[in-house]
Amino acid sequence: MQIGFIGLGHMGGPMAANLLKAGHALTVFDLSEAALDEAKQNGATLAASPRAVAEASEVVVTMLPASAHVKAVYLNEDDGVLAGVRPGVPLIDSSTIDPATARMIGETARARGNPFADAPVSGGVVGAQAGTLTFMVGADEALFETLKPVLAGMGKNMVRCGETGTGQIAKLCNNLLLAISMIGVAEAMKLGESLGIDPQKLASIVNTSTGRCWSSDTCNPYPGIVPNAPASRGYSGGFGADLMLKDLGLAVDAARQAKQPVFLGALAQQLYQSMSQQGLGGIDFSGIIKLYGKE
Amino acid sequence: MQIGFIGLGHMGGPMAANLLKAGHALTVFDLSEAALDEAKQNGATLAASPRAVAEASEVVVTMLPASAHVKAVYLNEDDGVLAGVRPGVPLIDSSTIDPATARMIGETARARGNPFADAPVSGGVVGAQAGTLTFMVGADEALFETLKPVLAGMGKNMVRCGETGTGQIAKLCNNLLLAISMIGVAEAMKLGESLGIDPQKLASIVNTSTGRCWSSDTCNPYPGIVPNAPASRGYSGGFGADLMLKDLGLAVDAARQAKQPVFLGALAQQLYQSMSQQGLGGIDFSGIIKLYGKE
Amino acid sequence: MQIGFIGLGHMGGPMAANLLKAGHALTVFDLSEAALDEAKQNGATLAASPRAVAEASEVVVTMLPASAHVKAVYLNEDDGVLAGVRPGVPLIDSSTIDPATARMIGETARARGNPFADAPVSGGVVGAQAGTLTFMVGADEALFETLKPVLAGMGKNMVRCGETGTGQIAKLCNNLLLAISMIGVAEAMKLGESLGIDPQKLASIVNTSTGRCWSSDTCNPYPGIVPNAPASRGYSGGFGADLMLKDLGLAVDAARQAKQPVFLGALAQQLYQSMSQQGLGGIDFSGIIKLYGKE
Amino acid sequence: MQIGFIGLGHMGGPMAANLLKAGHALTVFDLSEAALDEAKQNGATLAASPRAVAEASEVVVTMLPASAHVKAVYLNEDDGVLAGVRPGVPLIDSSTIDPATARMIGETARARGNPFADAPVSGGVVGAQAGTLTFMVGADEALFETLKPVLAGMGKNMVRCGETGTGQIAKLCNNLLLAISMIGVAEAMKLGESLGIDPQKLASIVNTSTGRCWSSDTCNPYPGIVPNAPASRGYSGGFGADLMLKDLGLAVDAARQAKQPVFLGALAQQLYQSMSQQGLGGIDFSGIIKLYGKE
């Protein structure tokens, strides 16, 4: 298939490489010369603008840092995707952005005759490299079926969440909960340690009880509890605190627009903000436990 | 075995009944005539005081509402357990109290020659009736082995958490996390609903993703997601919000004494307090979702 | 003086009327026919667009609901203020918006040769009507002196806060603190009441002690403490909770962009959001005390 | 007057010294030899126990660290104040403790025929030394009049708050608000600084606007704003963060017992706890601003 790919960063780079490995032909665009060079060596054709990518493609995938970039790449009247794409060509945005922008772009694309899906991912850089990402897809049934073969080149799981925008909603809601439960585990582990229970013992009890959660049984923030978790290797790898902070910002902002209070979510955001201010934004988000005193 | 049992309330009543069914002989005490009558009909022998219970028993089990009752029952110089118990008779307190009190009573008992275990439970009234409670036990290895046959008459799982007090610590830390993650799920579900994703779909995504937790996959607070969860039957049954509030109070208080901040835990406590103030303290704690607007 | 005025709402309407009363000639624009009619009856000249207002004026004042409106009114290429204003004509925006947008518009205006001041107000509708507003002005010294006679037609106090944007910063920071201290007073008053002290007595002690603040001595949220405060007349009049919520949103958002945690500010925002969700967004923000149970 | 004084610490020491200076005869007790020596040099008579103090006095004043000490000093059956005091002798407790304990001791004392007043102070060590303390007094009118001459020897202001316990309630409620508003000022000042307004300018605006409060105009936490505030001398002197943490603990605990949520109060407590955990418990509580990043 002739696929266009825009955005070749830490996530987009390996995703594009996997599409090439899967046998697709790729036309790509990025602002970084280095990223373009690498894509070229992998066999991609370079294009001079998002518009040029779109003109050459049967399907377009975008993977960008934030809403502003997504708007610019799709909507720029001179050289944006919608300025050049042929009617009927489906568009997939895998960036994590606010649901309202996803919907707006979806409507604009549809008005031009282009089906649009928001398809943010979970799995991180490791999943992007290994081709094991999970896609949370906002698309109608027919479009979802059409896009599956493309997504299958980059990931392992594809979940249809509903119509346009629901992929972003699912991701934000999941990460809101994740941000909170990680702090909950950090507080429980540090409290237990302070009171004198063996942290390993505490974790094993929690993990078979009502406190069990991914943040405790798979990514426990206390060092040494889960051997291959970021906490056990100095909080390296994993999901950076600043990325979590970005997603929390989107979630709390979406809540504000929906006039929905999120008490713990808002406080969690401030705690990750404090972690970032202390220079810890680059380590795994489970490093939030460092706010709770020495290990 | 000749077992003494003190405290025949919603939890203690069925626990005592199960010990009788398991073939043990029981001597019991409670302040409620009705509770004593029921125990008598089940085959228990009534005693006039905690001391009288202790004098007649090879092991003593207590199941009381709060620290003050536990102190009074064990330490009263005239008619308390320690005033009458024979040296060497092991003592089990299954009440949920603060770890410091558990340790103090343990030390006092040991000084008199009586081994003491704190063994708070999870599983609620349903688990107490069905004999499927989990015991979190603070006791040395030898005592734990000695007590297993007694606990087996009332529950299914027994976990040794460490020395005296660690049973209480494990329970408080687990419930601190549980209180937080339940609110996290409530915020995520209500946010998703407000933004327009199908709640059932959202829950299924979260439950296979990094947000998964007991509060989402087993006791989801959104009505209709988990068929037999309290939320799906008007928040009846389950673990009452006022009981969660009591446990959170113990956890946050223990944190204060340990000089350990618990940001989300303290805010969670206030949210359950608000729920209780609004007259909802009697429903399942997953009813906290009602603070987030109409369903 | 020949003044242009754009935005004739609850605040802008009376502000324009006061400028007319002060003897200035006004050219005005608004989207509401009714607002224009009233301005005309007061003696203003109507214009067909912001551009037309600007073309006719020696100074332009804008009073708009939010950043999006301010951007549109100043920057629209066809009929915006900057499309028509003569070089050298000073511009005053009295809307409450984010500091970054204020700075951006200021720079754009200056590049065209027009001095720009952000001058948000405090004092509310009552102050706008009485001509007793306070202006927090972001402008250099010379511009500030130039604008004083115009501002003097609408308010009593003019404070220069620094360069462009600082007027907005001062307002947001003040209102962040105000939002927090009002909740602090509400918690103190309700706690005192619950514990059994006379609320009037408590307020009088606080007001001569270290807890004293405007929210306690001038706008106490407990009914009957300050005779002419909103709380003493059913929370009518005053500063609506939804307006406070808007300002808090701007403050917390600006904090996010500045990577500055605001723990209490973020929680305060959620509490006012909850108040709004319960249908109380229209009453004075001191009505936040209603979240704390019955009076 | 023949006054008994128990508790000669940082506060009680200078208070007793001032009573001696005012011409009263003092009989004193403390556990510290050094404190007793100093009192003796100042002219006090030493006693061997609280009971002995009480037996020798026409009025008894106590100034102790916490509820537990107050209970012990008044209620110990062997050597407590109530074991020795003559009927009719009035008792004044100036410690800061929970209102429930104050009431309990008051009732016990009255049952023995001794009027009791809770009279916690504000003003700190500096006020104690200068004799300028403020007393918040829980006592009936007649008792209040009786005690005034004694209190006048140690302070400048005496406020009657209502019946027994209301002195403590007033102090806790005031300090709850103070703890919150100080953090509010810290957040506003740091946000303003981050956004680029001159902190001195911001403070002067806030102090003449709706954000004004003691924490801003008298004890501003930003260094250099108020010349003689603790923040301007390295946060030395003033009201130590650990003392504020103690008072907040009493307030939040009293709220729990009254089933009254205190959202900001509980979060404030955790923030001061975090400050204390970072080793800053000994500096003035306005040092909370250090949690918000570098100055």
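Per-chain numbering from 1; labels A, B, C and D assigned in written order.
Going forward, a contact is a pair of C-beta atoms (placed from the backbone, for glycine too) under 8 Å apart; a residue touches a chain by one contact, two chains touch by 3 or more.
Chain identities (UniProt): A, B, C, D = 3-hydroxyisobutyrate dehydrogenase.
Because the structure is predicted, anything quoted here is derived from the model rather than measured.
S.K.: Look at all chain centres (mean of CA atoms) and spot the one farthest from the centre of subunit A.
M.R.: That would be chain D.
S.K.: Is the contact between copies subunit A and subunit B built from the same residues on both sides or from different ones, judged by whether over half of the numbers are shared?
M.R.: Same: when the shared numbers are divided by all numbers used, the fraction is over half.
S.K.: With chain centres defined as C-alpha means, what is the inter-centre distance between subunit B and subunit D in Å?
M.R.: Using C-alpha averages as centres, the distance is 38 Å.
S.K.: If you average the Cα atoms of subunit A and of subunit D to get two centres, how far apart are those centres in Å?
M.R.: It comes to 52 Å between the two C-alpha centres.
S.K.: Just curious, how far off is subunit B from subunit A if you go by their C-alpha centres, in Å?
M.R.: 40
S.K.: Give the residues of subunit C touching no fewer than two other chains, as numbers and ranges.
M.R.: Only 255, 259-263, 267, 271, 274, 277, 293 qualify.
S.K.: Once you draw an edge for every pair of touching chains, what topology comes out, line, ring, star, complete or other?
M.R.: Topology of the interface graph: complete, with all chain pairs in contact.
S.K.: If you look only at subunit B, which of its residues touch subunit D in the complex?
M.R.: My answer: residues 249, 253, 255-256, 259-263, 266-267, 269-271, 273-274, 276-277.
S.K.: Where on subunit D does subunit C make contact in their complex?
M.R.: Interface residues on subunit D, with respect to subunit C: 99, 122, 134, 136, 157, 159, 161-162, 165-166, 169-170, 172-178, 180-181, 183-185, 187-192, 194-198, 201-202, 205-206, 208-216, 218-219, 251, 254-255, 258-265, 267-268, 271, 292-293.
S.K.: Using the touch definition up top, name the residues of subunit A that touch subunit D in the complex.
M.R.: Touch residues, subunit A against subunit D: 263, 267, 274, 277, 291, 293.
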